[in-house]
Amino acid sequence: MEVKIENLKKQFGQVIGVKDLDLNVRDGEFVALLGPSGCGKTTTLLMLAGIYKPTDGTIRFGDRVVNQVQPRDRNIGMVFQSYALYPHMTVFGNISYPLKLKKVPKQEQMERVERVANTMGIGGLLDRRPGQLSGGQQQRVALGRALVKEPDILLFDEPLSNLDARLRLTMRSEIKQLQNRLGITAIYVTHDQVEAMTMADRIAVMNQGVLQAFDTPEDLYDRPKTLFVAGFVGNPPMNFADVSVMAEHGGFTARNESIRLQVPAERGQKAAAAGKVRMGIRPEDIHVVDEGDAVTAEVVIVEPLGRDAMLDVRFGSDQFLVLADPQKHIRAGDQVKLHFDMDSVQFFDLQSERSLLWN
Amino acid sequence: MTQPTTTLDDQFTAAESRTRRSRKKSLSSNMAAYGFLAPAGFLVITFFLVPVVIIFYLSMTNLSTSNFTTDLSAMQFVGLENFRILFNDQFAAKIFFNTVFYVLVTLSLFNVTLALIVSLLSTHIERRAGFAFRAIWILPRITAATVYIMLWRRLAVEAPYGIINQVNTLLGQTTYNYLDARPWEFVIVVNGFIGVSFGMIIFTSAIESIPKDLLNASLVDGSTILQRIRYVILPLLRWPLLFVVTYQTLSLLTSFEQILLLTDGGPGLYATEVWSLTAYHRALSNYFGNAQWGYGSAFAVVLVIIGVVLAVIYMRVFRFNELVAEPKIEVL
Amino acid sequence: MAALAHSDDTPGVLDVHSLLRTIRNGLIVVVALSLIVVILTAFLRPLIASVKVDESVTTTLAQLVILVLPYIAYIAAGSAVRDQLSDHPLRAVLTALLATLVLFVVISIGHFVFHLGPFVPTSSLEMTFTEAEGGALVESLVPGGVAEEAGVQVGDLITAVRRDPVTSGTLSALIARSAEDSPFRLRIVRGGEETQLTVRTVLAGNDDLGKLLPGLVVALIVTAVAIFWPGQWTPYVILLAILLPLLIGYFWLIIATFSYRTEGLIPLDGQGNVGGWTLNNWNFLFGADISGLNVSIWQITLNSLIIAVAMMVIVLLVSSMAGYALSRMNFAGRRAFLSFTLVLHGFPAVTLLIPIFFVMSYLGKVPLVGEFIGFNKPVGISLVMVAFELPLGVWLMKGFFDNIPWDIERSALIDGASRWRTYWEILLPQIRPGILALGIFAFIGGWNAFLIPQTYSTGAGTINLPVFLRQLINETAPVNWNQVAAVGMFQLIPVFIIFIFAQEYLLNIYAGGTKGSS
């Protein structure tokens, strides 16, 4: 089922929840709505579910405008952050409830619940109540309840954020595989970018009710269209410094009072026209080197991350995060030499905060 | 159903659009809610709104046993005559001051002071014991008024049956029927013992909601238990105190069941008669032979007006903020 | 604290500073309580009298304060030395006892000056007598006193008052117990002849200093107890003391129910001997007359039950529906409805009893349903009480619904449920504690209902237990109190059972669902 959102707007009193949202989700696609809390992603999801009514704009499922359609007539399944299992019903009661409401015959109810439960690996728990289940099991029951009516669209509202880290990893791949196999269109709200990057076909990044970008994970990471997306996607986050990009000696250099870096011609050209710009570079694109044409910086803090050591370094007025080999035993107060891998540098306009490279 | 708002950032326009929207909300969405409200609505209209209208009308008629009818149009309308009589009635004056006396004394001694003492003491002892003591205070409220009054009468009656007089006899003191000799004392104590639990519960929950860290900090800072009560706990009880005072004033002003059963306004002429009991006596209890519906209603109307005014104030002061939260489901 | 304050003390048997502080503590109590007495008698009493309220509450309160004043002062003195007890036990005790002595003198002077305590004027016949064979022998007479005026002479033997034989002890007690100006018809044997004289008592001042001694002993004992009293018991003792009248009342009910008759708290049999335990008071359960009235107790119980159950069911259904709409639904006028519910919650419904009488009589005329809901019908009576409890119920239910996570209801809607089914199948089961609390509250309210059934029902067909009890108590014929007590106990049993199992719910709900207000 295709989902087309046009010019969608939601207002609560004087507070704007979602502003002029346009989004097309293809049939069978897995789309993540990603953003910090309060960005309007859950509001959008609840409008898709029919719990909230849009203030303006249209939502289409396929060709049908569903703005006025009741939740029960939308044929959707939804999994909530709190799972929202009915505590007074057994697992069977929970999963069969949508079927009971559709007046599916008892026998068929039993078969379908059993099938779904077996798929989810909770076949043995049907007589239990939600209170007797672990978090992961509750999660599976919630998923089973959403799937049992064979919905056209699956909605997820941060379904994994109440699980512990290990379980989250397992459920992540399970949900992704299941969605792939069933081919149901899925819209998945999360504030965890790793979740979004690993699960989604495309990610819609939202901030303060406005859609910032809607792209594949690779594009979001390598070719961020706005400063917000560049800063939000990626962990540890991208480093920024304000520089001027100038044509010099047949090449381009980016410089401010403390750094002076050669920029590849293709990127430099686009940035040079703008004068003063904001340069962005990811921590993994900066390397600690022993010698060569490098920037010298002072290490302020060292955070061991296991595989890497994260250095908080300072040069001039800029402060950057850099990943280094922990074997080098760098300590706070050391002076290090940094080499910038300028092939993946980003440039943004200071006023519009839009990328100078990808628009 | 939804109207596009033109200027999103203008708060004024947004608020305006919201009211416009709720007015144009689809009929079916309102009907469902009204369906849920209908039974309550019927009862409220039948037993609150209609009676309020009727009592204002009744208070302006001279309806009594001699010209009794339930047909409103057949009643003789006398305007404000009942109120004129009421203002010149010397017994009404006495009853008015009786009521003020009764409410002030009961409220200050029992509903506030004793309630505060009980909640302070019961929160400073072992938790379960404290709970048990508070639970016992509920007994007067859940005991039927007739049974409850029977118990107090047994305390008060003359020797050799009365329990207090039994003690008096043992101590060589004078014995007498306390309901005749000390009627107000008993009216106040009997109602006060019922009234303690309300304030007690409110104060206790307020005390228990004070963060434990704050209480411990004050002890660490060197205060004694009594100083902590004086300087930490009592100042935090200011709002609950105000709440209990306003709420209980109204309930003491209007409830008369216990007085009716204990002294019935006696002994003697109007010794313990209070305003609400008078309204009842005049209109509904035929002991004086002639029920005066109109005049009794005039008494009741005074209480109705006080009740409405205090209830509105009470709503504004204490509860309005609770109304703000809006439902988070917008369908149906 | 204590250690710090006393670290610079000089060792010795007595510390003057500490003694003065202890006396000061006691005096503060004396002054403060005396002030209360003055305010009560000199200010409040005349003020209240000026608006013609016949009351003795101020007098009673003043008497109570005067009675407890000395003891509180001694306790204050005793408590003041408690923090020195561990360091200098002997000095602490001596300080407190000495302070008590000073306080006792001060208080006694006060008593003497104002004719209080041991010097309070008592009823007197203005003569003294001693124990003698066959009665009380007159020993001396106050010159010009009532006894002398009436013709009593020294050497008279008082044998009886009216027909009751007296000894010197019983005669003193009789005099002390009598009110002012009560007549005593004394039977006197004078020189072998018997005469009768009537003497009226007077209030005579009392200045016998010898009466002070027992008071001093008590004062010292109270102080000593206060010094060594385990302080953690104090709250328990006070809490129990306040509850005492109530506990005694229920205690009497239980005793009376199972005994032939009672005097005070003492069960007696027909001959006036202690004992007299019996189950006969409960015979009314098997159709026996109660206090001479022949009624069917089970019919009355059934009426009570109908009112209670009808009330419980209707209150629960109606207020949960309204509470659900107000809590969970968005509709035009929601805020207005909420404000209105709140105003109703504060409004005293009982002021509307008069017009509701008319409403009931109109409802009785409605075809078909009028048979059930009008005047003098249990269901109609229940409906009035339902309406009275509705504002509380709706507000309470709204609060309970407010606490259910929204996701559960959203989930049910997405699963395909209508709002009604969501309310009935999903939300109601989640607020079971609320349903239970309100249900118990409504049931007890209906079971105990007196005023409204009394007002809107006539005749034996519809009365309930509390109304029936009132009829028993108001009987003009002699009332068998122990049988009436049994009926009261019978009415109370279900309430006691609920009380035992549901105290927590009751404590929550009897504040009117006001948890959030603080």
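Each chain carries a letter (A, B and C) given by its place in the written order, and its residues are counted from 1.
The definition used in the following text is that a residue touches a chain if its C-beta (ideal position, glycine included) is under 8 Å from a C-beta of that chain, and two chains touch if they have at least 3 such contacts.
Predicted model only: the values in this text are computed from it and were never measured.
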{"item": "Centrality ranking, top chain (CA atoms only)", "value": "B"}
{"item": "Relative to chain A, chain with the most remote C-alpha centre", "value": "C"}
{"item": "Dominant interface by contact count, named by its two chains", "value": "B-C"}
{"item": "Approximate Å spacing (C-alpha centroids) for the pair chain A, chain B", "value": "56"}
{"item": "Between chain B and chain C, centroid-to-centroid distance (C-alpha), Å", "value": "19"}
{"item": "Whole-Å separation of chain centres (CA-atom averages), chain A against chain C", "value": "67"}
{"item": "Residues of chain A whose C-beta touches two or more other chains", "value": "50-51, 70-71"}
{"item": "Chain B residues counted as touching two or more neighbouring chains", "value": "326, 328-332"}
{"item": "For chain C, residues that touch 2 or more chains besides their own", "value": "410, 413, 418"}
{"item": "Residue ranges of chain A touching chain C (in the complex, touch as defined)", "value": "46, 49-51, 70-72, 74, 76-78, 80-82, 84-88, 97-98, 101-102, 145, 149, 157"}
{"item": "Interfacial residue positions of chain C with respect to chain B in the complex", "value": "1, 48, 51-57, 60, 173, 176-179, 232, 235-236, 238-239, 242-243, 245-250, 252-253, 256, 262-266, 317-319, 321-322, 324-332, 334-335, 337-339, 342-359, 361-363, 383-384, 386-388, 390, 394, 402, 406, 409-410, 413, 418-420, 423, 444, 447-448, 450-451, 455, 465-467, 469-470, 473, 481, 484-485, 488, 491-492, 495, 498-499, 503, 506-508, 510-512, 514-518"}
{"item": "Touching residues on chain C, where the partner in the complex is chain A", "value": "405, 407-408, 410-418, 421, 426, 429-430"}
